[in-house]
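In what follows, structures are represented as structure tokens.
There are two complexes below, and they share chain A, which is joined by chain B in the first and by chain C in the second.
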Partner chain A sequence: MENYLANLGVLICVYSILAITLNFIMGYAGIFSLAHAVFFGFGAYTGGFIALNYTSSIFVTLPAAMIVAAVLSLLLAIPTLRVRGEYFVAASLGLQILAVTLFSEWKWFTGGIGGLVGIPPVSIFGTEIFRPTSFVIVTLVALVVTIAIFHLLVHSNFGRSLRAIRDSESAAAAFGKNVPVIKTVSLAISAALAGMVGALYASYLAFINVESFMLDTSVLIMAMVIIGGTGTQLGPIVGAIVLLSLPSAITYLNFLPQSEIGAIQQIIYGAGMALLMLFRPGGIVGSGGK
Partner chain B sequence: MTMTETHTPENTHEDKEVLMELAGLGRSFGGVKAVDDVSMKLRAGIVTTLVGPNGAGKTTLFNLITGQLARDTGHITWLGRRIDRIRPHEAARLGMVRSFQDLRLFEKMTVEENIMTTFERSSLPRITTPAKRAERRAFIDRILERCALTDKRDTRASDLAYAERKFLSLARIIAAQGRLWLLDEPASGLDPQSYNRLLGIIREEVQTGVTVCIIEHNLDIVVGISDRIAFLDRGKLLADDTPQVVLNDPKLASIYFGER
Partner chain C sequence: MLALQLTLTGLQAGALYALTAVGFSLIFGSTRVFHFAHGATFALAAYLFYAVEAAGYGFVPGLLASFAGAIAFGLAIDWFIYRPIQRDEGSFFTVFVASFGIGIVVQNLIGMIFGRSFVTITSPLSRSREILDGVYVAPLAGIAFVVALICLVALGLFLRTTFTGKGLRALSDDPELVRVFGLNPRYLSAAAFAIGSALVVPAAVFTSMSSGLNPAIGHHVMLISLAATIVGGIGSIPGTMIAAFIFGLAENLSLLWFEPQWSEAVVFAILFAAIIARPSGLMGKSAAR
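And now, the complex of A and B:
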């Protein structure tokens, strides 16, 4: 039971970080990306690859994963940030589909469909951390650091520029904001931290394959942001907690036919999301929206 | 001081430094010349009003100057230096700031955040010292006071009343500390008290050396504020002279009032 809860805690921290990083570009820069799992995935494969072949030190795997994810985000940003919202969504969807193919075919780096197996646990100053009860501390620290980074960013002049761009791109530019550069930098920061948590995730599970980084993961992260409250600081975390706890909570409802639990979950998700958007479009934490 | 001191008929303002020169500026949309071979000089500390019927190309001219639109012909000189293919944020950094007819406020941000955003030159995060912060606070306080927005400091832009929104648009421009203000119908829909405040602010800024170019339909305001009037019709600049000359030209009056 202790391990079960710790494992849930790890997943909540991991997905909270993913939701926070996506919320940063969705809620503050107005960039709707359906490719967030790609950055998560590249971070995971990079971290896993390095841990398998070179070193599992967190001080190598995490920075490497961050750099790879950030550089990759530039590939998405440079051609597509010149276009507006809905085109970016389409472009990011394209990247997501492309990446899934790459993850399943690029055997040397990703292990192909079979994935990377036997990734060594995270090592901090030579101490290996693999038990869920200890690893949850690592992810909690990562979560706190992520929250702090984005809190500072959002309330800095960089954050104000971002929000100004979200509200009126042309006015922001007319007051000296270099819109493409600011959007690109925010995307790179967001991707880097998604990549970082990917590396943590890979070493925690010791096994990763393409199934963790497909479109449904991107959609799940986006759902966490929207349900929790886009553009709020607490929202993404609340969204992650709700969406990750619901499945376990539902399994405890004994009167439900256990064989149909999967379908019931989907119905509750779908109905819940539709009702939330109807009655509280700003999300659980949001101000109700307009 | 009053504006009439500078309103002698023979004053052609040629003693003032040329801040910006437009030479043969043109732009077409699908065969229609929205701006057609416009050449004019904007001199430092001078208020020029752009007048003309709807669709004369006034806003398009602003868009060409600030790089929101690419021009087909002509060029622009800023302080004697040619600026070609300028992008909007680069124009702003040179000191050209503009307002929009539809305001384009940063709607989900507070009044203070709107002002701070245009005040900040750089988007790089930086540590501000308490002294700097106090200085910035005082600067913003003063702008809020001049625009009668002091008690709206923490209100979201989207929650403001009409006149307050117009003044927030102006407050952003003051905060940007530009050398050239391009104002697109700043007075439209304002009550007399608000518009006197607007004229007061513009006069104060002109005193400090700001050059202003205003698009305006209300002739009272045109007369009340202009050192020069530039008359546009169907993309062409028909006149650019002192108010006395332009307003007494019967041909321009007939175009303006639609008696073609």
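And now, the complex of A and C:
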């Protein structure tokens, strides 16, 4: 029971961090990415690869994962964020579909379809942390740090520029803000932290394969942000908790076919997204009405 | 010989891509709605055809069911989702998320009803014949190519000669002016959705008879449609058509050098290169911003 709760706690922290990082670019920079699971995945594979082959020290795996994810996001952002928002949606969808092929084919780095097996647990100053009850503390710390980073960012000069861009890109540009650079930097920060949590996730599960980083995951993270409340600080966490408790809630409803839990869950949040946009675009936490 | 074979397959794939992409491009160009659920329209049309045909009712009832389903879905989503959102000056974001949500629902309903594995309709026409030494073509591929060309030419004529067609092109240029001119933008937007969704049907039917269907097929369709719209130039129907043919040919000709699982990577590479080299698209009217 204790382990079950700790495990749920780890998952909630991991997905909250993913949702917070995606919310930062969606809600503050106005970038709609369908590729968030790609940054998460590259972080996970980088962390897992280093832990398997070199060292499992958190002070190596996490920075490496962050750098790889950030560099990848720059490759995507530099050409596409200069132009219209729709272009980025298309490019990120393309990247997500391409990444699934890459993760399943690039055997020496990702282990192919079979994935990376036996990833050692994280080590902090030589202490290995693998029990869910202790790992949940690591992820909680990561969550608090993430919240703090984005709180500071949103309330800094940079955050004000971001909001100006979101509200009117041309007005912000007229005021001398370098819009593409600000957007690109936001995406890189967001991707880096998604990559970081990927490395934590890989070492916690000790096994990763492509199934954790497919389009479904990107969509799930996006649904967490939207249902919780885009552009709010609490929304992504609320969204992560709500959507992660859905599968167990469905299990309690005996009249639903249990083999279809995944599909039912997706139908619920798909319909939820559409209905919220009709009646409450701000999400659960966001200001009501329109 | 292999190159010729792949060129022929690529032309057929390109023709089917052109139909779906042009449908999306028409809707997006004239109504400015980022209709992400267009991929769901494709999946719905294809599975309706499959259901009716597999139940033994035959080809024509299947085709009719597919048309009826696609058009009804397009009109309903415009009427019940996009219009209420746009009435409250919904942003790109709200429309996109709602459309995306609907797409997820449709994909999973199809998965629950028909299962998640590949299904296909076999017909004597889909059996390949050797037309040249080592070059195989199914009669169906030729039929699909011709039907697609007829649809595209008919669409071009419709947009150039009829009153509604001209109105649709005007709507993409200046919706306010259309209103001042006394045309009803509501009616035009419904027309765009009906035509755009109907164009998907031949592509969906031919796909179900050749390469087969799975519930997630909408994503691939959407990627191609989006990519072709962007590479062709937003608002340009001919540009979208050309880009769709480029994608069909590139996907197939890439098999000369790469394994088939990389075909989507080829689409991505072309899209990426096009955004870098020519952000306004092949035949884009305005600059990219």
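Remarks
Just so it is clear, the second predicted complex is superposed on the first by the 262 of 290 C-alpha atoms of A that agree within 3 Å, B and C clash if a C-alpha of one lies under 4 Å from a C-alpha of the other, contacts with A are read in each partner's own complex, and residues count from 1 in each chain.
Note that a contact is a pair of C-beta atoms (placed from the backbone, for glycine too) under 8 Å apart; a residue touches a chain by one contact, two chains touch by 3 or more.
Note that this is a predicted model, so its numbers are computed, not measured.
Judged by the touch definition given at the top, the superposed model places A:A164 against chain B, while chain C stays out of reach.
Of the two partner chains placed around the shared chain by superposition, chain C is the only one that A:E260 touches, whereas chain B remains out of contact. One of chain B and chain C touches more residues of chain A, and that partner is C.
Legend: residue contacts after superposition of the two complexes on their common chain; A:L93 is shown touching chain C, with no touch to chain B. Of the two partner chains placed by superposition, only chain B is touched by A:G176; chain C is not.
Contacts of A:G112 after superposition: neither chain B nor chain C is touched. The contact surfaces that chain B and chain C form on chain A in the two complexes overlap at residues 290. The touching residues of chain A, counted against chain C in their complex, run 26, 30, 32, 79-80, 82-87, 89-91, 93-95, 97-98, 101-102, 104-105, 215, 219, 222-223, 226, 230, 260, 263-264, 266-267, 269-278, 281, 290. Residues 152-153, 156-158, 160-161, 163-164, 166-168, 170-179, 182, 231, 290 of chain A touch chain B in their complex. Partner chain A is touched in their complex by these residues of chain C: 34, 81, 84-85, 88, 90, 92-105, 107-109, 111-112, 219-220, 222-223, 226-227, 230, 234, 261-262, 264-265, 267-268, 271-272, 275-276, 279, 288-289.
Across the complex, chain B meets chain A through its residues 66, 68, 87-89, 91-93, 97-98, 100, 104-109, 113-114, 116-118, 120-126, 158, 172, 176.
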